[in-house]
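Next come two complexes, and both contain chain A; in the first it sits with chain B, in the second with chain C.
And then the complex of A and B:
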């Protein structure tokens, strides 16, 4: 019996050894064989790759028209190359600088007002000790995130136009009419305020999750030392979520020059276009509106490149000051 | 300890008041929309309506629900959203599953090819011209194909697949299951929560999508609900610019109808949102851990 078992063990060992010997052999199998072995997996990848190439890389190739006098009938292969003339032209357009400055300004205001708001709200939600109230308010606070800007814009115009609720409440208080949406500075405040309204609740999710991740012992120890709530927030909660804050700050700074289309388009109107015309709406207007495809593409390319540089730079700075970057 | 938990001090009270205040601000626009849509036009014009309907009437909703176009748009957008979501999930699964296999030759290269598109894109105009050259303008395809797969979602799903215990797949492959069988019988059934979350992200994107419809769709029977809603809401603004030319016959959209249309497009979200909220939050957290 014993012998038999021993033999079995030895046999297994030889098989294992053989396998070991085979390993280098396996690595040597030609790529043809490995492709044949995984042919099903490659087949699965076929459609997604086709999608990426057609709908993501073809537009990147299309960027070439920024260096051409693009003619829609000739296409990129037939259009005349003009070097940097298109960029030269747009860099001399006042309307381009207006869109650029508005984009940066609106994003900057969003950063100033919209970045701290979810941090404060998350800390307060965390301090809220009634679980059911917390759950209920979270459900309500996340809701605006799921509405389209068309819906939000519609609500804003119905509420804040001259005949809307805001003005009727103000006039019943004897404060008169305020042009919330047609006076430029007021519009700016509305734009930023509505942005905060839409995003503040949803923005708390990541902070709340990282607050949960803070070591509970720290709070208990500070309780022993008789720390006040405010001190605990300042010395434990805030440092605990600092990595999250830095990471989200990097991301937002990296997006300083990119701006969505829906929000400025839906909220803007002809009376405030001096402030509401941003790069996305400008590209839409000169590109799809007037058919100046080369110029619109050049503006878009400029935006992409500056955006990429900003992201890399923000990430670099974050790593320099000893924080984790996004890479 | 217990007494400490239940004792409420002034700080707790302030926090409750503040957070409730913010929550109420989140709700006020909805209450106002409901109030407007249920009030008579006279009451609205004379600015009597705030958060409660004045001269209660459901006439506006009758108008909307008897408007064939509105019902058509709603049904069309629901079908469009479902088809879009299924197609997107199909592509996302097809991309994510093979990329979890370390033995796959060229895996890193393919991943890089995909991730690059997250940081650099051709921009609005090249994408528009592509859709135009593919003859997709004014087709349902233009609302489905260009945004059919999010690389970000592929990475979330790939991370989820990789977190499943490897032994399950190994034993299945020893039992003679091929890769497709493993995907269908083992990986997908175990990944339903993640698939549900990503499907919801895709569905919300399509339901709320406005920009692509504005760019690519000009024929009215292909308008998704957001574009239709935009037309209704901005109807009077267009009218203002036409008035100078003395145009007659342009129809004025009353505020109550606008408010009811806003509610009409919002209610589907309000209906599904509370039950699905958990999945959305999970999705954000999974995405963030990866990103």
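And then the complex of A and C:
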């Protein structure tokens, strides 16, 4: 008790003493207090912060490998520095350009086919009147998101290989066999289609959340005006979720250059390697397969830089056309 | 305002802490590597106190029903007979068979590779050697490996020497056959056809298989293959198209540039387009489909390792599914000289090495030295009489076991690191025992071994690491597999242009660099020989 009152007195004193420039002083005390008051929250924050630092910032140290003739036994401190030689080597490799172009092409196709799909689906789900059916549909649509690509790859192989289900059905209908997975264009369609199937349900979550946030009055007003359903979607729902769409689009464009490893690796095969060899599989082959960590790191660094440029550019354009960017 | 500063300050501080932690871990790694040289002599001193753990790599082949790779009849024998005497615990570190090199790279980079590591990929050994990441073994072998050196002999050991230094210990390979070709004799009999002895005869046989479906199966596959790179292949078909070359040309050029190579692929392309080869083989990246097709009796002819149909995972399901199925070995790809030229193994098997990070180098060599004792090898390969083998005419015959006694690889290949193949101390006996390892299929085994050690040549051994091969080897290997599949599957009308295009790409992607360096090393070797 004594301590407590003592402290209180001192605090009052300090504020009074520094009356003239009390603004910063008061701030200091309040920030200290706010940290003390929310100390538990800050403690909680430490956890994700530690995650980001350990797994996202700390590995940045390893980027140094891109500028070294990295020797796995000597480590970064013991390896020889070679400047930009590694980049020079990579930029003279045809297979690197192929991987780069494929990455951009596959991601672009994913964007074209995969980006509008969850928006349309979210709007459709939103129009469902019967709530339990809506919930059920949503759950079923989420499921593929939780399947590993290895499993999906196996399913695709079983269903679409030449002796698979799809071809059995086709040939029993007298339509003949289609090489779904070994012919390049067909493979592309399969790759994109399976990707949409896997991610579309999960992608609706954010859109559904932002649809819920749209002011209900608007819908009621439009009902009064005799709006049709399509009109309501066009004039209320879509503009209502436009900021979300733009934000997700920017993020997606920022990811244009990076591509997951499992999907192209599992779905690809030697006959379609012209399309299925992407940066992540290239890095895997060079880095893990050949043990050339310098090259793999250099490619990774290049990828990050291009990704950053794309992200900043997309954000800039979004702001220019009068939308909120992501910063 | 201030709280915002805190928000910024906090991550920055934590970031600093993170980088410091990073530095910390780096220094410990360094101290580890410096201490490794001094600690090698420590093993003897510690014999009275707590046991040393010797780590040894082992392949995890993912065999159905396999025992714990660290606790089974074989590991217990090793620990009881070697571990106890040397106050050591031998611990096995499983590495998935299909990711052999990938996993090893990661373990080596992390400084966590087992004391005894191994790979079948000699380019990987020369890479580690040139990076100075593995121990030179000359002195260690002199001091602790007398029996081992005697057992392996100079010739075998020479395959582990790079730039004159013993960097790896190659296992002795006792059976030198590599590939084999097998055909369903029961199908031939049904059709009244003889065993094919040339390409054209095989072609006609395959057509008959396709059209007459002698097995009466749904979806007959005259020639079963999988994506190139896994078990299944084309035997010595490609070799049989190759024209004459000088030794220098033959050992330094990649297959793609050999005369006749294009015709070989054209022939395969024809077979594929006439539906004589597994339709979706290129999608079968794990060879699981091909195995299933063979064991379900849909396949008439295939080529894989010389002992493939003898292997338990093929022979047993096949016998259960199609009791009448009878695969016999054949030699059918005759070249212009009338020879069935085919590749066989050199006398070396897997390459063993000790990473620089190892603290138990001496113990590791002692372990291998202990293992080269015939008694030890015999137990590890054949186990106990009455349980794991029975003696027939003085030749041990394996009794296949499940569970604890199961061998996850042929004659415990993955545990008996110093030898690859039967080791009874006598080549004649070895072949007999080899045949006996497949109960009921002895004749097939003996015949297959005989066929596939006739007219053979072996891979040329370059005594200097090829730097280009280290750099491009893996990429070229992958390209090789992809090119093979693509050329076989493409439309016949596109074949010629595709072949030229792919080969040009291959040469540009490092093929030429590897070839040029091969030529240089070869010339140096010849020059040294003359001196």
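The working rule: the second predicted complex is superposed on the first by the 269 of 327 C-alpha atoms of A that agree within 3 Å, B and C clash if a C-alpha of one lies under 4 Å from a C-alpha of the other, contacts with A are read in each partner's own complex, and residues count from 1 in each chain.
Definition applied: contacts are C-beta pairs under 8 Å (C-beta built on N, C-alpha and C of every residue); 3 or more make two chains touch, one makes a residue touch a chain.
It should be emphasised that the depicted structure is a prediction, and the values quoted were computed from it without experimental measurement.
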Which of chain B and chain C A:93 touches, first, second, both or neither: second
Which of chain B and chain C A:150 touches, first, second, both or neither: first
First (chain B), second (chain C), both or neither touched by A:209: first
Contacts of A:273 with chain B and chain C, given as first, second, both or neither: second
First (chain B), second (chain C), both or neither touched by A:124: first
First (chain B), second (chain C), both or neither touched by A:35: both
First, second, both or neither for A:222, with chain B first and chain C second: neither
Per-residue touch tally on chain A - higher for chain B or for chain C: B
Partner chain(s) touched by A:303 [first = chain B, second = chain C, both, neither]: first
Touching partner for A:288 - first (chain B), second (chain C), both, neither: both
Residues on chain A lying within both footprints (that of chain B and that of chain C): 31, 34-35, 42, 46, 49, 52, 54, 57-58, 61, 72, 75, 157, 163, 269-270, 288, 293
Contacting residues of chain A [partner chain B, same complex]: 31, 34-35, 38, 40-42, 44-49, 51-52, 54-63, 65, 72, 75, 121, 124-125, 127-130, 133, 136-137, 139-144, 146-151, 153-159, 163, 165, 167-169, 171, 197, 200-202, 205-206, 209, 229, 261-262, 265-266, 269-270, 280, 283-284, 287-288, 293, 296-297, 300-301, 303-304, 308, 311, 326
Residues on chain B engaged by chain A in the complex (per definition of touch): 5, 11-12, 15-16, 18-20, 22-23, 25-27, 29, 32-33, 36, 44-45, 47-51, 90-92, 94-95, 97-99, 101, 103-105, 110, 113-114, 117, 119-130, 133, 145-146, 148-149, 151, 154, 178-180, 183, 204, 207-211, 215, 226-227, 229-230, 233, 237, 241, 255, 258-259, 261-262, 265-266, 269-270, 273-274, 277, 280-281, 284-285, 288, 291
Residue numbers on chain A that touch chain C, as the complex places them: 27-28, 30-31, 34-35, 42, 46, 49-50, 52-54, 57-58, 61, 71-78, 93-95, 157, 161-163, 181-182, 269-271, 273, 285-286, 288-293
Residue ranges of chain C in contact with chain A within the complex: 1-3, 5-6, 10-11, 14-15, 17-19, 21-22, 26, 29-30, 33, 101-102, 105-106, 108-109, 111, 124, 127-128, 131-133, 219, 227-228, 279-280, 282-283, 285, 356-357, 471, 473-475, 478, 481-482, 484-486, 489, 505, 508-509
